[in-house]
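Listed after this line are the structures, all set down as structure tokens.
What follows is subunit A paired twice: with subunit B in the first complex and subunit C in the second.
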Partner chain A sequence: MQSASWFELNRHRLYSAMIVVAVTLGSLWALSIDNRFLYLLVYVWFGLIYGLFLQYGRFCMAAAVRDLFAVKVPRMAVGMMIAVALYAIVAGLVTLTGHSTFHPNVLGWHILIGAFIFGFGIVFTGGCASGSLYKAGEGNLNSALVIFAISFSQAMVVAGGSWFDGLTPAGWAESALAKDMPAELSVTRGWFDLFTAGYVWNLKGTTLAEIMGVTESPVTAVLINTFLNAVLPVLVLLVGLYVYYFRKGYVRRLGKSSLTLGDELAGIWNMCTSSKNTALAGVGLGIFAGLHMYVTGALRAHYEIFNFGELLTAMGYTNGLSIQDTVFDPGYWYITTQEAQWGGWVMERLGIDMMDNIFFGLDNGLPNPLLNAPGFMSIGIILGAAILALLRREFKWKMPTWETAFFAIAGGILMGIGARLAMGCNIGAFFATVTNGDPSGWIFLLGMVLGGLAGVKVFTKWMDWKLSREDSFGL
Partner chain B sequence: MAVSFEQTGAGEWTLDVKGYSCPHPQMYTKKAMQKMGSGDVLTLVFDNPSSGESILAMCESDGNDVFQRSEDAGNFIWKIRKA
Partner chain C sequence: MLGEMGNLIRERCVNWLGYLFKRPREPRSLMAHEEILPGIGPVRVAYVIDCMGAMCPRPQLLTMKILAMVDAGEVIEVVTDNPAAVETFPSLADTLVCSHLLTIRESDCWRLYLRKEA
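Then we have the complex of A and B:
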């Protein structure tokens, strides 16, 4: 009796500790096989840290947009801005050490369109790409379905057949052909290859400092990229969020008819700290996301590599590498591409040729999930969130219903399509970019906000329709 | 599994949104609060942790008082008094 009740009382702690022990033993096992797996383990443990912070702060960037429009709550938008400011400052310092792993995204219409589709989808899935991972760690199987849908929809988008080729602008095929790519990639077949080689490759990606022509002094360039491209827009957005979403309630609570400048500043501070968990998670995620770049950058210098593919080759693992002997290895927090690889890897096992395209065949490869370093970052997020959710007694298996499963899969498919068009999700195409001086991320945010707004409108209409059909329901 | 919202007494209501994740719980809570009168109390039952943080912020903004919060095995039971 005694031991059974002890187990009942401590089961959550026990499961939580078991995850920590399993990840630790798994890490030691990997190192015992080859100590160069340290490079992969950095992704695992940073993923774990991200998962802990995401769960701690209920930090979901989908909520940053959705809750603003659906219930007029700026909590997550504020948390996201705090994280952007911190990440930008740490990223600036990392850039000065010479260990930055960042590469700017190219700027074009595809970002706005992709981000719109992505932003529309996240309203229905209940979480962004990272949000779905940490919610899966809380036992939410709807979120697991979202990850499944994102993985396979992306894989299908990038490797899809040539059914939509006719819809692409004529110039794309010509431009793609001119790139003189190896024949096995068949870049003139498959609309995503045409889109990549015939459109995206013709665009330029750059940082704000480069746009302004300030590149000679690294310190000035970093100051421009950090403060002008990230911190200043964050401050402007925080003031906007305060004025439109927080000030009214704050004035009522303060009980004053007119506010001094001091009151207004105190109000902005009040808004930033009103959800302590979210604010602290924003600070933690910002700092660790920056440190992640430093650690990976320093390891690349140590191993004298540019990409994990070189290390895999040196360790004798050559299956699934791209024709350049590379694999997806961003060197910072990223979510969607490794999930596309999971989907692609499974489809390849099912006998579909997934390497005859640019995305997998030329750039990212299709490594075995056991050797997919960023893939382990995603798994780390799930496990980190599970560790904390169990400790806080918040872990609960949540089974999908037909309704929630439909939303998870349909929304996840849209997120996958949007993420591939925009070349990333709210992490890779927004969070990691704006913090490293790349203004394209703000275009992504704009698209995601517009998509989120449209998504909330459709979702609200659906909810009202559903309620109007349920007579017993009093709402 | 379905959302249930019912009046359980004079000025007392219960909303059960267990099994739903974002954004359902916060949107149903907002709708429920709109149906209730000033001073009424809502017993809210949900199991999506993320929604809690948004519901707290929503209540703070609208002046509604979350005066009791209990959590067990992943279920949250909150009592909210409408301003």
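Then we have the complex of A and C:
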């Protein structure tokens, strides 16, 4: 009886400690096998830190765009902007040390369309890609379903058969063929291969400094990429959010009829700190996302590699590498590609050939999930969120209903399709890009905002219809 | 201890199956009632919005709808187990011209009290 009550009282602390111990022991075990697994463990522990911060601030980038339209609350949009500014500054410093792992995304219409589909999907799933991970860590099984749906829909998009080949412009196949790729990739078969080789490869990814032609001095280039591409737009957006969403309520609470400049600045500060948890999480996420690039970059220099695939080869693990002997290894915070690899790996085990395409076969490989470094970052986010949620007694198993399960899967599929078209999610294609001087991220944000707007409209219609049928507000 | 964990898991599974195949659990009384809020005193709660298990943005949207229906000065209560929604409510209150009186942490949910301003 005595022990039962102790268990009841401290169950959450016990579970939380068990996760920390398990991750620590797992890390030591990996190092005891081969100390070069340190490279993989960097992803694990940074994932854990991201998870802690995401849960701490209930930091959901889906809410950032959705809540602006659904309920006119700028809390998360502000938190996201804080994170972008901090990440940009740290990333600028990291770039100056020469250890930046960043590579820009290519610029094209696909980003806008993909981001629109992605933004539409996140309204129904109740979380973006990283948001779903941290919510799964809080015990939300709807979010776990979302992760499932994203994984498999992406794998099917990139490896899908040739059913949709007829929809591609004639030029793509020609252009893809001209790339002279190995025959086993069959680049002229499969919609996504045609899209990648016939369209995306013809585009260029670049940073703002390169566009402006200022690259001879690294310091000026970093200043342009950090301040002109990230910090300045963030300040403009913060002022915009203040004027459109916050100022009215602020004036009412202040009880003044006209505001001085000082009042306005205090109002902006007020808006940024109105949710302390969110603001602090933004600061933390920004700083650690930048540090992550530095640590991975420094380790790459130490091991003299460009990609984790080389390290895996050296350690004797050659299964699942791409034909270039590479695996997916972004070197910074990324979510969706490793989830596609999980889905692809399972489908490969089921006997479907998943390596005959560019995405897995040439670029990212299909490593065993136990050797998938960025995959462990995603698991780290789940575990980090679980540690903190348990400590704060916020962990709770939430079971799906038929309705939420349907939305989770349908929305997750849309997110997967959108993320592949746009070459990333709100982390990989927006957060990590705008902060490193790549303007394509702002296009992603625009697409995601428009998609979110459309999603909110549809979702509100659905809710009205459902409520009118139930004829009461009891849910 | 392991036996206790096992019992817990079994109980959860049974609950969920009931939840999937029958009506969701009986909502708390949605009728108006008096309640004494710590630090604020007795308050007449005009509406209770039960958002247990609801994902964002449903709790926020339901609250907006109810707030549009009640009269100025009335207090509504929102019951939710969604941490992200709880974090949003103070900012939501500003937008919706109401004051966020208090958030009470229960063992399995939060109860938030909002008063519609004039």
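The rule is short, and it goes like this: the second predicted complex is superposed on the first by the 471 of 475 C-alpha atoms of A that agree within 3 Å, B and C clash if a C-alpha of one lies under 4 Å from a C-alpha of the other, contacts with A are read in each partner's own complex, and residues count from 1 in each chain.
One rule holds in what follows: contacts are C-beta pairs under 8 Å (C-beta built on N, C-alpha and C of every residue); 3 or more make two chains touch, one makes a residue touch a chain.
Please read these numbers as outputs of a predicted model, since none were measured by experiment.
Asker: Quick one: subunit B and subunit C on subunit A, clash or fit?
Answerer: Aligned on subunit A, subunit B and subunit C clash with each other.
Asker: Please indicate which partner A:402 is in contact with in the superposed arrangement: first for subunit B, second for subunit C, both, or neither.
Answerer: A:402 contacts subunit C only, not subunit B.
Asker: On the A-aligned overlay, A:67 touches which partner chain: subunit B = first, subunit C = second, or both, or neither?
Answerer: both
Asker: Regarding the shared-chain residue A:270, is it in contact with subunit B (first), subunit C (second), both, or neither?
Answerer: neither
Asker: Please indicate which partner A:139 is in contact with in the superposed arrangement: first for subunit B, second for subunit C, both, or neither.
Answerer: Only subunit B; A:139 stays clear of subunit C.
Asker: Could you look at A:313 and tell me whether it touches subunit B, subunit C, both or neither (first, second, both, neither)?
Answerer: neither
Asker: Now for A:27: first (subunit B), second (subunit C), both, or neither, which partner does it touch?
Answerer: neither
Asker: Figure out whether A:7 sits in contact with subunit B (first) or subunit C (second), or with both, or with neither.
Answerer: second
Asker: Across the two complexes, find the residues of subunit A that touch subunit B and also touch subunit C.
Answerer: Shared contact residues on subunit A (touching subunit B in one complex, subunit C in the other): 55, 57-58, 60, 62-63, 66-67, 70-76, 123, 126-127, 135, 138, 140, 142, 245-246, 249, 252-253, 274-275, 277-278, 389, 393-394, 396, 398-399, 401, 404, 456, 459-460, 463, 467, 473-475.
Asker: With touch defined as at the start, can you tell me which subunit B residues reach subunit A in the complex?
Answerer: Its residues touching subunit A are 1-7, 19-24, 26-28, 30-32, 35, 47-50, 52-54, 56-58, 60-63, 71-75.
Asker: Considering only the defined contacts, which subunit A positions touch subunit C in the complex?
Answerer: Contact set of subunit A toward subunit C: 3-4, 7, 55, 57-58, 60, 62-63, 66-67, 70-76, 123, 126-127, 135, 138, 140, 142, 245-246, 249-250, 252-253, 274-275, 277-278, 389, 393-394, 396-399, 401-402, 404, 407, 456, 459-460, 463, 467, 472-475.
Asker: Could you pull out which subunit A residues touch subunit B in their complex?
Answerer: 55, 57-58, 60, 62-63, 66-67, 70-76, 123, 126-127, 131, 135, 138-140, 142-143, 245-246, 248-249, 252-253, 274-275, 277-278, 389, 392-396, 398-399, 401, 404, 456, 459-460, 463, 467, 470, 473-475
Asker: Which of the residues in subunit C come into contact with subunit A in the complex?
Answerer: 1, 4, 12, 16, 19-20, 24, 27, 30, 47, 49-58, 60-62, 64-66, 81, 83-84, 86-88, 90-92, 94-95, 97, 107-108
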